[in-house]
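After this come two complexes, each holding chain A, first together with chain B and then together with chain C.
This part shows the complex of A and B:
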């Protein structure tokens, strides 16, 4: 009896929160909304330490926070969301930590393909962005399966950056641009004065060419650096660094970021036109 | 002493006036939008939400201004000892419109020199600062020469860049690599590594250090296209508009940087 009433109370509170969220979304949509929001999910390990959890559990709670943030973004009609899940630099961590993080990532990728997952609920197409060759075979296969399974979705896009750094992305796209140009030129002499490859050629081969440039980049835990994330694409992005650790992030922070974006959208748009 | 206080008070009052005018401007724009759309109630609520945010930022600005005044007047003891050597390379990103105010830029450079910084990189997207670089260097050198022997030793290593030093530099490096590695279609080309890219950028004259700290003077916290290759682990701090820059805020930003501990991914 008590359990039933506490369930009812939880449901009522959740219903109320959902209603309030929809009200705030409706009000915010009176102004321009961002098309693409990116998240740097920083602070899982610090959260685990703070709450006295095991290190891996920090990442699990972080995953729940991610699912919530995705839900809020898609409710707000943000069409593109990008998240920084695992950097190439993170491979330098202790092998046991890397192994357990990879296992968690594989488990969560597989959960995305389930029927009730957020991906199917909102018609999300999933892209895995990064140097996937650096991943172990089971993780890479799971990622490819997820990409194939969601390829037909077109309502929204989720880009998960895994084994990614911006400098690696730029290097890779320069390499691809060179290869394509070589094929085009077909062994003819290269005129050193002529610019065979321009900025548009390089941008065409970026891993992140699947989405427009981000409007807002949110990094949790209050750190103010980009840590090799979307350095090329963030030329006109608003950078927002709330002090909350990633598992503590919520709807309020998204609203704050969007309000900041709306305050500055005219000046950001002029910068976009110039670049 | 009394004159200085009067000047500070006048500047402060002028700043309050500009903020009030800004708020009035925003409200007027919002009011126009309400009448041009159908959904009156929603726009009204949106406007109220933004009004609350604007009041909040106004209050925060007020507190920050007070804090800056206290810091630069030397009342806050913890800001007295600043380990400036931790900032090996400083980048300053300026909104191109604000960069037109060369006198303000010069004042900022003067403050940085006084604080003991030696290597500064100025960036603005449109290249406005490149046009005033000669004037800035000349002024700085003349000030150094006019001062006493101690001041003469303080020189500033100034680098001035713009948007073309970012994405276009990478495109030029791509062309350089195309010629170097891919010209010979027979040879098996090894996979391009990040150090190859870094070497290519250096060969064509775009090798420059990565800044430790970046200060953004402009309306938005946005790096406006600063060269991506140099931005990996740079701490990015938004300082507000250039016209309302404060010495105390500069000290606070640098001190906060010296307290940061980076993991670099590990």
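This part shows the complex of A and C:
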């Protein structure tokens, strides 16, 4: 009886929060909304230390925060969301920590494919962005399965950057562009054209070619660096650094970021017209 | 703006008690000097950034606020840049890269562009006459120099040649520069090597690409911190690859108003973050 009533209370509160969120979304959509929001999920380990949890549990709480933020973004009709899950630099951590993080990632990738997951709820297509060859086989296979399973979804896109750094992405893109051009040259034996590479060639082979440039990049925990994330794509992105640690981030921070974005969009447009 | 407020909150003990300026916006006698001395006291030479990057935004808005022409804003900006260079040199910073003119700026009016080019020439001239000889400053320019007017190009090469062996602050001026173009030009050089057969595509790596970037001229090619004035919270295609791990500091002040005390505050913010240690999940 008690459990039923507490479930009912939780449902009522959930329903009320959801209604309030929808009101705020309606108000915000009076201005322009960002098409693509990117998150650097910083602060899980510090949160665990602060709350006296085991290190791995910080990441678990962080995952819940991520699911909430995704829900808020998709409710707001943000079509593309990118998250920085694991950098190539992070492989340099203690092997036990890397191992446990990888296990958690694999577990969570598999949970994404479940029926009630956010992916199916909002019709999200999942992409895993990065040098996937650096991942262990089980994680890589799970990622590929997730990508195949969601390939038919078209309402929204989620790009998870794993084994990723922006400099690696650019280097790989240059390598691919050179390969493609060499193949083209090799085919034409009579005409020796120069191996000509331009901006479009580099952009074509980027891992992140699946999404437009981010409008907002949100890094939690107050740090003001990009840490080798989306360097190429962030040329005109608004950078927002709330002080909350990643597990503490919520709807409020997303709203503030969007309000800042709306304030900047008008000034950016006038500046672009001027310049 | 929330991010700027947060910076100040995190160093509330360092936040200066601003002395009130007079109605003309001038500091009362001695107050600015006291502010500067107070902030200098907080700085630790051990944590001084080696390479500072600077986006000098807000000249036009500064002029508009005072009812002046845009050209006056750029002139004030030029004078301010010289003082900031001098201050950085005194503080022991090794490299200063300033974003003078981006490739997007070529879309501005012909008159403004012509005026800017003259301003750059005057700036380089004043550097040569003053800071280079007295403070051993080395000058370099990066960007698509071929698009600049002839007189500016020759001023640049003359200044670079004259100061090549100087051992003081290395001042790098980015003119007609774009971070993306920098990477693409490096990619073109590598592509040529692949075409000639001296390089296999599988051998292309990050270090190779980094070596071919335009910024590979000084001892510290990657900035430790980036300062952007006028409250814009974005990178605008400046030093894209090189800013991978740099700290960003965004100031609300328009560039001609960004004085020594603001520079010291930016450096104090950097030092506070660096000395606190990188506890973050990400480098």
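We adopt the following convention: the second predicted complex is superposed on the first by the 255 of 275 C-alpha atoms of A that agree within 3 Å, B and C clash if a C-alpha of one lies under 4 Å from a C-alpha of the other, contacts with A are read in each partner's own complex, and residues count from 1 in each chain.
In the analysis below, contacts are C-beta pairs under 8 Å (C-beta built on N, C-alpha and C of every residue); 3 or more make two chains touch, one makes a residue touch a chain.
Note that this is a predicted model, so its numbers are computed, not measured.
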item: Fit or clash - chain C, chain B, common chain A; value: clash
item: Which superposed partner A:30 touches (first chain B, second chain C, both, neither); value: first
item: First (chain B), second (chain C), both or neither touched by A:171; value: both
item: First, second, both or neither for A:162, with chain B first and chain C second; value: neither
item: Touching partner for A:262 - first (chain B), second (chain C), both, neither; value: first
item: First, second, both or neither for A:70, with chain B first and chain C second; value: neither
item: Chain B versus chain C as contact partner of A:243, first or second or both or neither; value: second
item: Contacts of A:221 with chain B and chain C, given as first, second, both or neither; value: second
item: Partner chain in contact with A:198 - chain B first, chain C second, else both or neither; value: both
item: Which superposed partner A:84 touches (first chain B, second chain C, both, neither); value: second
item: Where chain A meets both chain C and chain B, residue numbers; value: 87, 89-90, 165-168, 170-171, 174-175, 177-179, 181-182, 195-199, 202, 223-228, 231-232, 234-240, 264, 274-275
item: In the complex with chain A, residue positions of chain B that touch it; value: 37, 39, 42-43, 45-46, 49-50, 53-54, 125-126, 163, 166-168, 170-175, 177-179, 181-183, 185, 191-194, 196-197, 219-225, 228-229, 231-238, 260, 262, 264-266
item: Chain A contact footprint on chain C (complex, rising order); value: 1-3, 6-7, 9-10, 60, 104-105, 107-108, 179-181, 183-184, 187-188, 190-192, 194-195, 201-202, 204-206, 209-210, 232-237, 240-241, 243-250, 273, 279-283
item: Chain C-touching residues of chain A, taken from the complex the two chains share; value: 40-46, 84, 87, 89-90, 165-168, 170-171, 174-175, 177-179, 181-182, 185, 194-199, 202, 221-229, 231-232, 234-243, 256, 260, 264, 274-275
item: List of chain A residues in touch with chain B within their complex; value: 26-28, 30-31, 87-90, 92-93, 165-168, 170-172, 174-175, 177-179, 181-182, 187, 190, 192, 195-199, 201-202, 223-228, 231-232, 234-240, 259, 262-264, 267-268, 271, 274-275
